[in-house]
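Structure provided below as structure tokens; questions to follow.
Note that the chains take the letters A, B, C and D in the order they are written out, and that residue 1 is the start of every chain.
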Amino acid sequence: MIDVMYFAWVRERIGVPKEQIETSATTVADLVEELRAREPRYEAAFADLSALRVALDQDLSEFNAPLAGVSEVAFFPPMTGG
Amino acid sequence: MIDVMYFAWVRERIGVPKEQIETSATTVADLVEELRAREPRYEAAFADLSALRVALDQDLSEFNAPLAGVSEVAFFPPMTGG
Amino acid sequence: MSVSVQQAAFDLGQELAGFGQGQDDNPRRNIGAVVSFTGFVRDDSGALDHMLIEHYPGMTERAIGQIVDEAVQRWSLGDVRVIHRYGVLKPGDQIMMVATAARHRVAAFEAAEFLMDYLKSRAPFWKKEVNADGSEWVAAKDEDEDALRRW
Amino acid sequence: MSVSVQQAAFDLGQELAGFGQGQDDNPRRNIGAVVSFTGFVRDDSGALDHMLIEHYPGMTERAIGQIVDEAVQRWSLGDVRVIHRYGVLKPGDQIMMVATAARHRVAAFEAAEFLMDYLKSRAPFWKKEVNADGSEWVAAKDEDEDALRRW
């Protein structure tokens, strides 16, 4: 089980801010493929990975990063702070 | 007659902040030569022109600038504001 | 060094009063320069009702903390203050501030600009503009990403 | 735009309160960024009794006014505030401040740095450090003169 969080328009497209997911995915990209195959709302959120960023346990990471040992994955668009 | 002002260590070496001078000098450099010839305190103040700046009627200027029409000349070291 | 992520408004004057100068009973006299940046909600068109700022609690504090640590080391800062708000903000409201204290002006300016450039693109905040006709997420700008390259 | 050359202390918070945001009955909503710089009297060695700042009344206001006008035009500033003190200042005292208000952060930062670089070397102020053993005029630094070249 892994906590998956969504922010900004990713959250709006998927419809929930957070969910627990049972997965055997070994990388972030694998997890994304699993989610896209689930329902159209995931397909809509993950259609263009270049428009997305990912954080693993609250550190910015990459889509090819391994998921081993990770307990919290977050997907969101590029940040617009400041 | 022209008003001549001195600031910082130039003022300290010459001993007065301001004086009126009767001069027929046509450039700042000529005026400096006249002053240097007067007394040792002027000689001491104007010994190294590269360490001095000059303003004509409150605008930064150059030592080769003409004095025609100028009513206030000021001599001082490089500024240290901020 | 102090970082706050908060909904509440802040008082810039209060934040900057005595900033970098140590305590009254233990004053520091090696700070010659304090730079502050304050960001406000603009409304160029006059159509904006409000801005909604979303953030990632936990990661936000962590990301800003890392950015601050790097700035302190790199520019030998005497003090840093960062406040970033989230929630509903109206046109003219203060969004955030950074302040840096250093011996000399160049370090204080550079560190403040570095902090701003990283907060823009690396701290997990997202802005949404809401007006009468609907709402829109603010898109990240290429120039903000490019700004990181100089550091 | 406002420039003050004064002996009195100033309250940074008071100067920045509402800076760039227009009047309450006529608010401006096109200012996204305010940058402030404040300079303090340092005393690294612990030997400084006080600093004496001399200036050239008349020319000071004129020189700063010209620098401010140039910054306003070049960076389309919404507002500028400059305060520079003269007279006797103690370690830790505020010497001066500049504040700039602009649409975007880069303009506000650049304009504030430009103003500081010009105030350092082109506004007619001279600093003298006074301690128990005597006093010494602060020498201008080559790096301050060099800093003007980038503008």
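Just so it is clear, a contact is a pair of C-beta atoms (placed from the backbone, for glycine too) under 8 Å apart; a residue touches a chain by one contact, two chains touch by 3 or more.
Quantities reported herein were computed from a predicted structural model and do not represent experimental measurements.
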Kindly list the shared contact partners of chain B and chain D, in label order.
none
I'd like to verify one number: the distance from the centre of chain C to the centre of chain D, where each centre is the average of its C-alpha atoms, in whole angstrom.
22
So how far apart, in whole Å, are chain A and chain C when each is placed at the average of its C-alpha atoms?
27
Whole-Å distance, C-alpha centre of chain A to that of chain B, is 72
At what distance in angstrom does the C-alpha mean of chain D lie from that of chain A?
48
Each of the following residues of chain D touches two or more other chains, namely 39, 105, 116
Where does chain B touch two or more other chains at once, residue-wise?
82
Chains touch in the following pairs A-C, B-D, C-D
Touching residues (chain side chain D, partner chain B) in the complex:
39, 54, 56, 58-59, 62-63, 84, 95-96, 116, 119-128, 137-140, 144-145
Of all residues in chain C, those that touch chain D in their complex:
11-14, 16-17, 20-21, 27-44, 46, 48, 91-92, 103, 105-106, 108-109, 112-113, 116
Spell out the part of chain A that touches chain C in their complex, as residue ranges.
5, 7-9, 11, 55, 58-60, 74, 76-82
